[in-house]
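Report on one structure; see the data block that follows.
Labels for the chains are A, B, C, D and E, by order of writing; each one numbers its residues from 1.
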Amino acid sequence: MSLLLGFAYGLAAVGLIAGGAVIGVWWERKVAGRIQLRLGPQQLGPAGVFQMLADVPKLLFKEDIVPYGADRPTFRYAPMLVFAPIAASVAVVPFWAGWAPLDSVVGVAFFLAVPSVAVLGMLLSAWASHNTLSTIGGMRAAAQMVSYEVPRTLAVLSVVVLAGSLQPTEITGAWRWWWVPLTAVGFLVYLIASVAEMNRGPFDLPEAESELVAGYFADYSGFRWAIFMMAEYGSMIAAALFGTALFLGGPAWFAGVGGLIAYVGVACVIITAIMWAKWTFPRMRQDHLMTFCWTVLTPLALVQLLVAGAVAVWL
Amino acid sequence: MRTPQSVTDDFRDGVAGFLERTRSLITGVMVTVRAVRRGPVTVRYPAEKLTVSDRWRGPLRLRGALGADTMPVLTGLPTTHNETIDGLYHAERLPGCVGNCPANVDARGQAYLIADDRVAEAYELVRERNIMPGVLGRICHHPCESACRRNHYDEPIATRPLHRFAFEEFQRVRPEKLTPCERTRQQTVAVIGSGPSGMAAAYDLLRLGYGVVMYESDEHPGGALRTGVPAYRLPREVLGREIEDIVEMGLDLKCGVEIGKDLPLGKVVQDHDAVLLAVGLQQSRILPLPGTDSRGVRGALEFLRAGNRTGDAGVRGKRVFVVGGGNVAVDVARVALRVGASEVRLACLEGEDEMPCHPWEIAEALDEGVIATCSLGPDSVVSRDGAVVGMRMRACLSVFDETGRFAPKMGDEFTEFPCDVVVFAIGQAAKLDTLVAGTGLLVSGRGQLQASGTDYTTSVPGVFACGEVITGPGSAIASIATGHEAAISIDRYLSGLAVDDDARVRRPVPRYPHYPPVALEDVEPDRRRRPQRLEPPDERVADFRPVEHGFTRDEALLEAGRCLQCGSEVCVGCTFCARTCPDLALTVVRDDTPGSRCVATYEMDLTKCCFCGLCAEQCPTNALVHTGQYELSFYHREYTTFHVGEMLRSGEGTRATGRDGGPADACAERVVGEEAR
Amino acid sequence: MAGVDDFAQVLESVPGGGIILTSVDAVADWARGHSLWMMPMGTACCAMELIAASFSRFDFDRHGSIPRPDPRHTDVMVVAGTITRKMAPAVKLLWEQMPDPKWCIAMGNCAISGGIFYYDTYSVVRGVDEFLPVDVYIAGCPPRPEALQDAVLRLREKVRADSMSPGRRRAIEGVLPLPTAGDGTAEGGSE
Amino acid sequence: MSERLVVNIGPSHPSTHGVCRIVVELDGEIVTHAEPIIGHLHRGIEKMAENRTYLQIVPLTDRLDYVGSMYANWAYCRAVERLAGIRVPERAEYIRVIVCELQRIASHMMGIGSAAADTGAFTVFMYAFEQRELVVDLFEALCGSRLTYNYVRPGGVSADLPDGWVDRCRTFIKGHPDAMREIDRMLFGNVIFRARTKGIGVLDAADAVAWGASGPVARGSGVDYDLRRDDPYSMYPRFDFTVPLGERGDSYDRARVRLWECVESCRIVEQALDQLAEYEPGVIMTEGLPRLLAPGRGDAYDHIESARGCLGVYLVSDGGVCPYRMKVRSPAFSNLALLPLLATGHTLSDLIVVLGSLDPVFGEVDR
Amino acid sequence: MSLVELREHLCATFPDLCPLFSIEFGDGVLQVGPERLHEAMEGLKTLGFDMLGMVTAVDFGEEFELVYRLRAREMGVAIIVRARLPRHTPRAASVTDLWPAADWHEREVYDLFGIVFEGHPDLRRILLPDDWVGHPLRKDYEDPSIIRRPDYR
């Protein structure tokens, strides 16, 4: 029974992420377009909303190339290894007040730990491609993702400390409005670290278009490449939802459907902000990225944690 | 916004720097926000299209092509002609030959009709403006040829020899072509003088339906053409034939009547509704130098008159010295040779390469043995016992001053040339005293008739004047032009219109570029001008036989085919677009079969075209133009080659497909068919 | 695409398979046609117009076409510019890296025939169709960005006529000329 | 890590600004050696010119520096005019100055934009390109082409300014400095961009001179050398303008010099438009030039300051209608030779930034 | 500094180069033999010619002519140095030791003309592929792939 339920959850998560990615890609193209003084997709549907309905089947129908010299099985299944953890991480997002698909007592730890497995998939895909540019991209991705785990975890910990729980539903339950000013720095750190985790601009070094063409997935075509894209958008959706829930109290505002709508709406605003940043700022360099992580973000997160801890103790 | 001393710009250190750094990120976001609020600048293609500039260099098209379109021919009565010319001029479609001709003779149309083997039509077309094509075809100084666009490519079209050829061909069909003009007006006009200007005015007035009476003081009509132009240039039968043609049109020609002597001008004015004075210049000017009263000093006109009429000017075996460097001087010198002078020397103020006469004239004269001494001005006639024995000349340093005015600067070097006869060919003057006696006509202090140079009116209403008597010494074609203008004035006067009002269209006077000489070594022979065959110089000086031979039929047709039909907007397949194209994207072949000439092949390989526009810029006809089309997608490479039919497409819209042109060209089919056979 | 061909053959033989095939074709062609991602193979002048075509003023994204630098992610290679003998192997390699189904647009005269560099040059390949199957040729030197957009719209028509089953390929309906039977120009085309 | 990784960038790579292959030897992410392999766009234009008439070469020169076609047109025409002793009407010279300064803006917009895109700031590229489009619109109205103008001809220019063009041009140069300020704030003031470009690819003045660098590349290093001022040609002595200079010679200075040059170009265009009003329209071509120009024997070199530096054309004539030899001294070629020197010791990402700051156009490098 | 002053300056510093100097088409020209090329260039560098603008060659049938263009920023003058090389042994001394700028320029001349620069650190083809046969800018270069534009003008 639980297996069946898990399967249903899995399907739902994939559906959510796939659907979210489809809408997300369209939205990103529109946002980028407007920032760049142009229109973005226009032809299919109002304002081109159905553009992705053409893009996805096209990618499905594309030839599935495995390059000569690639490690075939690894090459084929590495995208799954990138996508699956991110899809799984959605399971602990508290969509409803007091309810999450997987209401684990260590939900926060789950959310922070599981997507990190994706780095393995990236490394594997980079290595399997047998391509120098991919390899460099994979190495960059690994270094970046592992490093940014630290400030992200520390930032989330401040909320955990305040709530005194690792269970996301409990944290949202314990959320009070004054957490927002108190954990604002932590939220910022969390967002920046999450953007770096999902390899998006201005931290998109692993796939830096102007340097590495497309980084670790340079050799993937068709649907396998689409999986990478879905993973990227999925992790953006998951991070936005989770961040909204933990730091802003997402589902705790209103009860019922209104709460869900408000929660998802705020998450969408955050996603838009992430996209906006990508199209506004230049890309960072690897060493700056690392320096930024260890000398700015981590200390900030630590300070935030201390403050949150102090407040928690004082209470 | 001032440029800083150095573009290097750093953040400050410390907290201020941190704030600056943070602010820089916010500034970036603000810029994007402003951009979003500004809205997109996108052109929503294909629904919206960016307007393409007028000069857009899209794929080429032809406005027309030989064989598919007819060539415009400039024809019409004198009263409408100026309008046509003016319209063409403002549309920049006036061909250089027409614009540069004083009478606006349609040399372009002539070449087209001759090449198309419609020679009689060509003759009639030319005669509308140049009333005596046969005559002018021998003596004209052809300003058309110097403005010919072909000068830019190789050599000009031989328009003058083509006039002559047209005249000769016309003689065959002359009888059925000649019809008297219908008299539609009651008024009559008297024309005094039967030179080219008078004839031109009479011709126009006859066509306008007036009755015209012409008085000529001489026994034979023709004026200066008969008395001044030597027969080796103009055979008298040609002149006679063309005057006869005009007489047959209804001209009442009265020869041997000298107005002022045999018939007072006042009487003529009374008898006719209008009078035109076209008396020309009858006497030579002689410089008031020491010794000019000696025996042997003669004027050019008298000399020529004697030589032309009798073939003897009284200089047999004598040494003749001609003063002057103009065309008349050359004529005098050459006539002198033909009437038996033992030595003819010509002296002029100007240097060798700036002689006022036409270069071909002096070249022929030199061939015949005339000696030209340049940069010399006359000082005095040396005489002994009242007879000329020599001419004393003074070196001339420069003829014109800085502003270009005639102001000869003489040197101190003197040369004396022994000779027996000195002929002054330095200009002519009008002889008006007997003519105007007893009328209200005013004559200026310098002996010139007071008349308007634009309306050809005189001080007496109803009396007009034209020709050299107004303009001073000039060319025959310029005199004809004044005749046409005077005819318009007379017509307006007799119709009760103001002669000089704004409704009257004046002929524009365009300026044409001076074409630099073209290096002809690399030019293919069939692109060159057909050479004019001449009598050998040592034989032709013996008598007054014509010097030039004229074209044969084949030569004439080929020569006429060289015409570029400038400004006609119909492609004649001149190939210069293909030659100019850096990539030979164009292939042009013309079929020159007389009677069905056409552009057999005009292929544009769009894929080689670099859209530089050099071809359309140099197209003499303006037939080749750029379209505003830019949608040039093709599924097959073959269709990027446009044939004649496709080149003749309308050029509208933004897509050129290579298949939306007209039907396949009949001419092209014919050529293909012939090749197959 | 062997698998797809087999699949198509099997479907053809099954009763009712034709209908399925037709609808699958329709979906696939519609999707492909509206999502032609470009591999910008810009080498020379035309690359500037290729860039301009996807930038603010002309915005290729409106048609669902975006330039992707990675050949593996793209559907149509736009060869924009002169291809030299030194460059040709690289172009061919990139073409081979693109996944099927793929199309090629030869943008500009250099890519069609060498254009201005047809005569006298020792290093220019006279047209990419010497080594690539070109689907749409855009004449111009360089073509306007609109011309490129138009070419993609034309290519969409060509894609629409495609089918998984070779026997079902339809004639292209469009304003562009196609060779007619007995025209003598059909051979040497793009296919 | 002792093992070196050899990475092959290009010949078709999004950031090589054309077709250039760079063989990079990496130690980790640090470039130990970078070797540009050029010639992928070598079309033999110099050979082709030997079988083209002097007029037919003008379209060829358009395709040298396709980002700034007017420059090659002008440099070539200057060489022809020097060889054939042609005097150009002053109006034509003014128009040449105007179009070339506008071209400098157009070209620098591409240079700044692609430098921005190399660092990932793609939006700035769009903003810069939007400015370029405005210039291109002006050129299209002027000569009917967006990119390959074939406008400057031996003896003058091919067409006079169309009606209303001067006003359009004035509108543009009025608005352009503001757009530049926006780009300056968004890109050159950005902390990430500064971190990416400052101190990267430092070229000192002595090296710049020794390597024959010119244009913004040399001026970014503080080499105060601009042909417009130091070897004045055409109408430039009549204008008041400053030459922006960098101090450090890093990628940032090189890129920002371009930005300020655009502002200065606006000033020059404004002055030129004012002075142009005194000349009679239509006098734009030397009269009496034959269709096939055939200068006498001899050779001539002439150069102008293009957007990339000193662009020279060397012509040898044997008296025929085609040049005997044409050589284009391309600034981008000389500047690109600096890449190994500048990139070594930086990371792979910096290599791209350095290349972008050199702003090579491969049509001109390879010819 | 004008060209006349340059001539005086040159003659004062290097009297032996003086007769080789002339003024053509508004440019100072120094015509030297190939054997003295490097020496002359070195002299010019000490004279203040600090920028090497271009190095190129012209094929005059029996001989190649190397053309260098130098510029002295301080003095504001430029000079063209020409050296004629026999066709059968087209060798000249490299000037890369004086101006590193000559590196690529000399490689280009080597690539397109086949002139060997002695002392060049890395004389390889630069524009054409390494396996190219022949030197295309020589007048006698023949390649079956060339389609010659007909003399149709």
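By our rule, contacts are C-beta pairs under 8 Å (C-beta built on N, C-alpha and C of every residue); 3 or more make two chains touch, one makes a residue touch a chain.
This is a predicted model, so every value here is computed, not measured.
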(message) Tell me the fewest steps from subunit A to subunit C, where a step is a jump to a chain it touches.
(response) 1
(message) For the interfaces B-E and B-D, which has the higher count of C-beta pairs in contact?
(response) B-D
(request) Could you name the chain whose Cα mean is nearest to the mean of all protein Cα atoms here? (result) D
(request) Average the CA atoms of each chain to get its centre, and name the chain whose centre is farthest from that of subunit E. (result) A
(request) Going by C-alpha centroids, which chain is farthest from subunit D? Tell me that one. (result) B
(request) Compute the distance, rounded to whole Å, between the mean C-alpha positions of subunit C and subunit E. (result) 46
(request) Determine the centre-to-centre distance between subunit C and subunit D, using the mean Cα coordinates as centres, and give it in whole Å. (result) 33
(message) With centres defined as the mean C-alpha position, give me the subunit A-subunit B separation in Å.
(response) 83
(request) Just give me the whole-number Å value for how far the CA centre of subunit D lies from that of subunit E. (result) 24
(message) Using the touch definition from the top, which residues of subunit B touch two or more other chains?
(response) 25, 28, 31-32, 35, 40-42, 44, 522, 580, 582-584, 610-611
(request) Two or more other chains in contact with one residue: find those residues in subunit D. (result) 13-14, 39, 42, 44, 47, 51-52, 59-60, 62, 123, 126-127, 130, 148, 186, 190, 292, 321
(message) For subunit E, give me the residues that contact two or more of the other chains.
(response) 128-129, 136, 148-149, 153
(request) Can you identify all of the chain pairs that touch? (result) A-B, A-C, A-D, B-C, B-D, B-E, C-D, C-E, D-E
(message) Residue numbers of subunit B touching subunit C in their complex, please.
(response) 40-46, 49-50, 59, 582-584, 605-611, 630-640, 654-655, 657-659
(request) Report the residues of subunit D in contact with subunit B in the complex, numbered from low to high. (result) 52, 55-60, 62, 123, 127, 130, 140-145, 148, 150, 158-159, 162, 177, 180-182, 185-186, 188-191, 194, 198, 220, 242, 244-248, 252-253, 256-257, 259-260, 263-264, 287-292, 294, 321
(message) Could you list, by residue number, the parts of subunit B that touch subunit A in their complex?
(response) 25, 28-29, 31-32, 35-36, 38-42, 44
(request) Spell out the part of subunit C that touches subunit D in their complex, as residue ranges. (result) 41-45, 47-49, 51-52, 55-57, 69, 81-82, 84, 86-87, 90-91, 94, 116-117, 119-124, 141-142, 144
(request) Show which residues of subunit E lie in contact with subunit D when the two form their complex. (result) 24-27, 50-54, 56, 58-59, 67, 69, 73, 76, 78, 80, 99-101, 103-105, 108, 112, 125-129, 136-137, 148-149, 153
